[in-house]
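What follows is a pair of complexes built around subunit A, which joins subunit B in one and subunit C in the other.
Right, the complex of A and B next:
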C-alpha cells in the first residue's frame, strides 16, 4: 500500500508542475498587468511601467513562473496585493476551517449513503426516501439548499444561529451549532453522488453467485448485506470519495460564502473579486495538490481493500 | 429407512408460468439420488426451492418435509424465514455449479469456511480454526494451512469446489444438494471431486441430491434416478433399472444421445429432435409428445400421463409404456 502511495506521489510531481504552470500562465493572461490593477485607473503609463519593472512583471512569463516556483519551494508564496500580508500567513490559518467542514461533510455523506442503502427487510422500505434525498442532493444547487436550511432552521424555527463562524475556543456546543448547517449543505451533493455509485454497485453485487452461496449458509439478509454485499460494493465508493476529496476546496466556495465562514473558499472568492493574484495562485495550487494527493490516497486504499489487486 | 426429505405435489411458478408441476419424491438417509434432465427442465429451480432460496417472485405450493438432525420433522414451506435460516447451511447444504464465482472475493478461505459454523454452532475462534483445518483435510486440500489464509482468486477451480464442499459439510448436513458441481471443471478434476463426494457420503451417511445432465456420472454415483422433463418427473427408479430398461421414451432418448467412448461396437449418437418446450406454452397432453417417436395423435396430445409403477420402485409417466415395451 505504501509503495503504491509513494509511486503515485512521485508521478504527481510532473503533473503538479504542468498544472501550476498552466494556472500561472492563464492567470497572467487573464489579469494582465498587475501594476495597473494595483495603482488604479488614474495611474500614468510611466508609473505602471516603473512598478512592473520593480516587481519583475516586465520579465517573460516563463521567467516569472520559475522565479515564483523557486520561492514557492522555499515556502514563500509572495505577498497579497491588497493586504500586503504574506500569502502563506493569509492562507494557512483558513485551511483547517475548510478541511474540517469538508471532511465532516464527506464522512457524514459516506456513512449515510452506505448505511441507508445497505438496509434489508422492513428497514429497506426507507430506500425510496434515501433515493429521493440523493436526487435532491445532486440536483439542488448548494446555495439554494443552504438558503432553504437557513430559512427553515434559523429564521422560522430559530433552532440554530444563522451564519458566521465560531472557533473551537468558544466551546464545543457553540462551534457545533455553527458548523452544522454548512456541513449538512456541503454533504448533500456528496451524499447524492455516493448514493448513486454505491447503489448501482450494491445491486450488481447482490446478483452475483457468491451472494446466493452465502445465503445458503444460513445467514440472515442483514448479515449477508453487512458482511458481503456492502463491503464488495465499497470499492467504487472509495474512488468516488478520492475524487470528491479533491473537490473539497472548490465545493467550499459557495457554502463558505453563503455562511460567511473564514475558510479557503471564501478567501478565493474575495481574492478573485479584488484580483489578488498571488492569493488566487496559492489557493489554486492547494486545490491542485489536494486533488493529486486525494487520488493517490484513494488508489492506495482501493488496493488495500481489494485482495485481487493487493496480492498478485 | 427414514426419509430425510420428502416433497408432495411440489409446484413452483413465476408469475403466471408454472415451471415445476406436482413433484413428489423422497430421499432416504445415506441415499444418493440423481435429478437428471436437459437444461431448462426445472432441476435447479427444484434445488433452490428445497433451500428456500428462490426469492419472492416465485410461488411455491405443496409440501417439503425435512427430518432434522434434532429429530424434528417440519414442512419447509410453512416455516417462517427465521426458522428456515437455522436449517439452511445446517441440516441442508448446497454446492453450486460455478465454484469460480461462488466464493466472496474479499475474504480469506478460512473466514468463509467457518462462517456457517459460526452462525449455527458458535464456538471460540481457535476451535473454529481447528475445525476449518479438519474440513479442508477431509476434502483432500493439499496444504490446508496455506489454504486457510488464501484468497479465492489464488485457488484453482478444483480447489475452490473442494472449499465449497468443505463449507457445505461444515455443519454435517442431513442432505447435500449438489447442483452440477463438476460441470465447470476439467474432466480429471471432475473425477476427483466425484470420488471425494462418494467417499464423504460413505463417511458421513448424509443423503445427496445430485443434479446433473451427465448420465455417465449418474451411473457412477447415484442409487436412484429421477428423470425430469418440462417440470415433471417422467421416470424414476433404481439407477440400474432405469439405465437397464428405460420405460419412458424421453429417458431412452437421453441414453441414446449420450456419447459412449468405451462401447465395444461404435454406437451412433442420436440426439432427441427439437427443444425443451417453453414452460409458458407447454404442449397439451404429455409435454414430450411433439418430440416423441412413439406419440399417437388423439392420445398422447390429450391425456396427461400419471406416474405408474412398471416394476417395484420403478415409475414411469407414459400412456404407451406397455405397448412400447412389447
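Right, the complex of A and C next:
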C-alpha cells in the first residue's frame, strides 16, 4: 500500500511541476508587469521599469519560476502587494479553518451517502428522498443552497446566528452554530456525487451470488446490507472522494465568501480581485499540490484494494 | 424518459421567460426608481432592489446572459473536446495514453478556481466567460467521447469498413461520430448545466458581467445584504439559477441511459 502510494506520488511530481510552472507562467503572462499594478495608474514608465528590475520581474519567466520555487521550498513565499504582510503569515492561520470545514463536509457527505443508501427498511420512502437530495446537491450552486439555508434558518426561524465566523476560542457551542451551515452547504455537492457512485455500485453488488447466499443463510435484509453489500460497494466512493478534491476547493471558495469565513478560499477571492499576485500564486500552488496528492492517494487506494489494477 | 421531459419543460419555461422578458414585465431591467427595497406587492411581484429596480424584470432579463453563456460554453467545449476525444479514442496507443493523462489532469483541477483566475485577468465580458468556461469544461467532453470512440472502434462494422479500404479520415466522421452523437448530445446538456452553475458562481464572487446588466449571481450577492428587508431580491435569482441548472441536468442525465 505504502509502496504503491510512494510510486504514485513520484509519478505525480512531474505532473505537479508542469501544472505549477504553467500556473506561474500564465499568471505572470496574464498579469503583465507586477510593478505597474503595485505603483498604480500615475506611475511613470521609468519607475515601473526600475521597480520591475529591483524585484527581479525583468528576468525570464523560467528563472523567476525556479527562484520562486527555491524560496518556496525554504518556506518563503514573498510578501503581499496589498498588505505587505508575509504571504506565509497571511495564509497559514487561515489554512486550519478551510481544512476543518472541508474535512467535516467530506465526512458528513460520505456518511450520509453511505448510510442513506444502505438502509433497507422503508426503502420505498428513503430511496426517492436520497435521490432528491442528491439531485439538489449536484444542481444547486453552493451560494444558492447557502442563501436558502441562511434565509430559512437565520432570518425566518432565527435558530442560528447570521453569517460570520467564531473561532474555537469563543467556546464550542458558538463555534458549532457558526460552522453548521457552511459545512452543510459544502457537503451537499459531495453527498450528491457520492450517492450516484455508491448507489450504482451497491445495486451491482446486491445482485451478486454471494449476497443471495448470505440471505439464504438467514441474515436479515439490513444485516446483509451492513455486513456484505455496503462494504463491497465502498471502493468507488473512496476513489471519487480523492478525484473530486478540485470540486471541494471550488465549493470552499464560494461557501467561504458567502458566509464570510476567514479561510484560504475567501482569501483567494479577495486576492484575485485585488490582484495580489504573490498570495494568489501561493494559494494556487497549495491547491494544485493538494489536488495532485489526493489523486495519487485515490489511485493508490484503488490499486491496493483491487490487485487487478496494473500500476505503471 | 420522465426525467428528460421534466428537464425539457424547465428549459423551455426558462427560455420562454428570458426571450419574452420585455413583454412579461412593465419595467426595464435597468430602470431605477424611488421606491427602493420595496417588499413584493402587486406592482412589483418580487419587490425592488437597492436602486429601486424591479427584481422580477431583472431576473427574467438575467436569463438571457445565463443561457447564452451556458450554451456558448458548451458549444466551445464540444468544438475542442469532441475532436480531441475522437482522436484519442480512435488512435489508441501512445496518443491515447498521453491524451488521457492530460484530460484526467485537467479534470482534477478546480474548474471554478481556474475560471476565476483567468476571468480576473481578462475581464468579465460575455464572450470571455463563454471562452473561459468552454476551455475549462472541454476535458470532460473529451474523456467521455474518447471512451465511446474506443469501444466503437472495435465494433464489427468498423472492422468491415476498414477491410473495405476505408481510412481514418472516412471512418471517424462517417462511422464513429454518428454512433457517439447521442452521448455528445447528453454531455452537451450537462455541460450547459455546469457552465451556468460555474458562471453564476463567478458572478456571485464579483466576476460576472459588469453592472448594470442583470446577472443572477451578482443579484444574489447584493440580495444577501438585504435578506431581511426584501428576501426576494436574493431568493428569486437563486431560484432562477437552480431551476435552469436543474433543467439542463435532468435533460442530460436522463438522455444518457
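Everything below uses one rule, namely that the second predicted complex is superposed on the first by the 292 of 312 C-alpha atoms of A that agree within 3 Å, B and C clash if a C-alpha of one lies under 4 Å from a C-alpha of the other, contacts with A are read in each partner's own complex, and residues count from 1 in each chain.
We adopt the following convention: contacts are C-beta pairs under 8 Å (C-beta built on N, C-alpha and C of every residue); 3 or more make two chains touch, one makes a residue touch a chain.
From a predicted model like this one, the values you see are computed outputs, not experimental measurements.
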With both complexes overlaid on chain A, does A:231 touch subunit B (first), subunit C (second), both or neither? first
According to the contact criterion defined above, which of subunit B and subunit C contacts more residues of subunit A? C
With the two complexes superposed on chain A, say which partner A:27 touches: subunit B (first), subunit C (second), both, or neither. second
Contacts for A:258 in the overlay, against subunit B (first) and subunit C (second): which applies, first, second, both or neither? second
Identify the partner contact of A:210: answer first if only subunit B is touched, second if only subunit C is, both if each is, neither if none is. first
On subunit A, the residue positions that both subunit B and subunit C contact, one per complex: none
Where on subunit B does subunit A make contact in their complex? 51, 53, 85-90, 93-94, 96, 98, 101-106, 115-116, 119-120, 151, 153-154, 164, 167
For subunit C, which residues count as touching subunit A in their complex? 101, 104-105, 107-113, 116-118, 120-122, 193, 197-198, 200-201, 204-207, 217, 220-221, 223-224, 227-228, 231, 234-235, 238-239, 241-242, 245-246, 249-250
Under the definition above, what is the set of subunit A residues touching subunit B in their complex? 208-210, 212-220, 223, 228, 231-232, 305-308, 311
Subunit A contacts subunit C in the complex at 15, 19, 27, 30-31, 135, 138-144, 147-148, 150-151, 155, 243, 245-247, 249-251, 253-254, 257-258, 268-269, 272-273, 275, 280, 284, 287-288, 291-292, 295
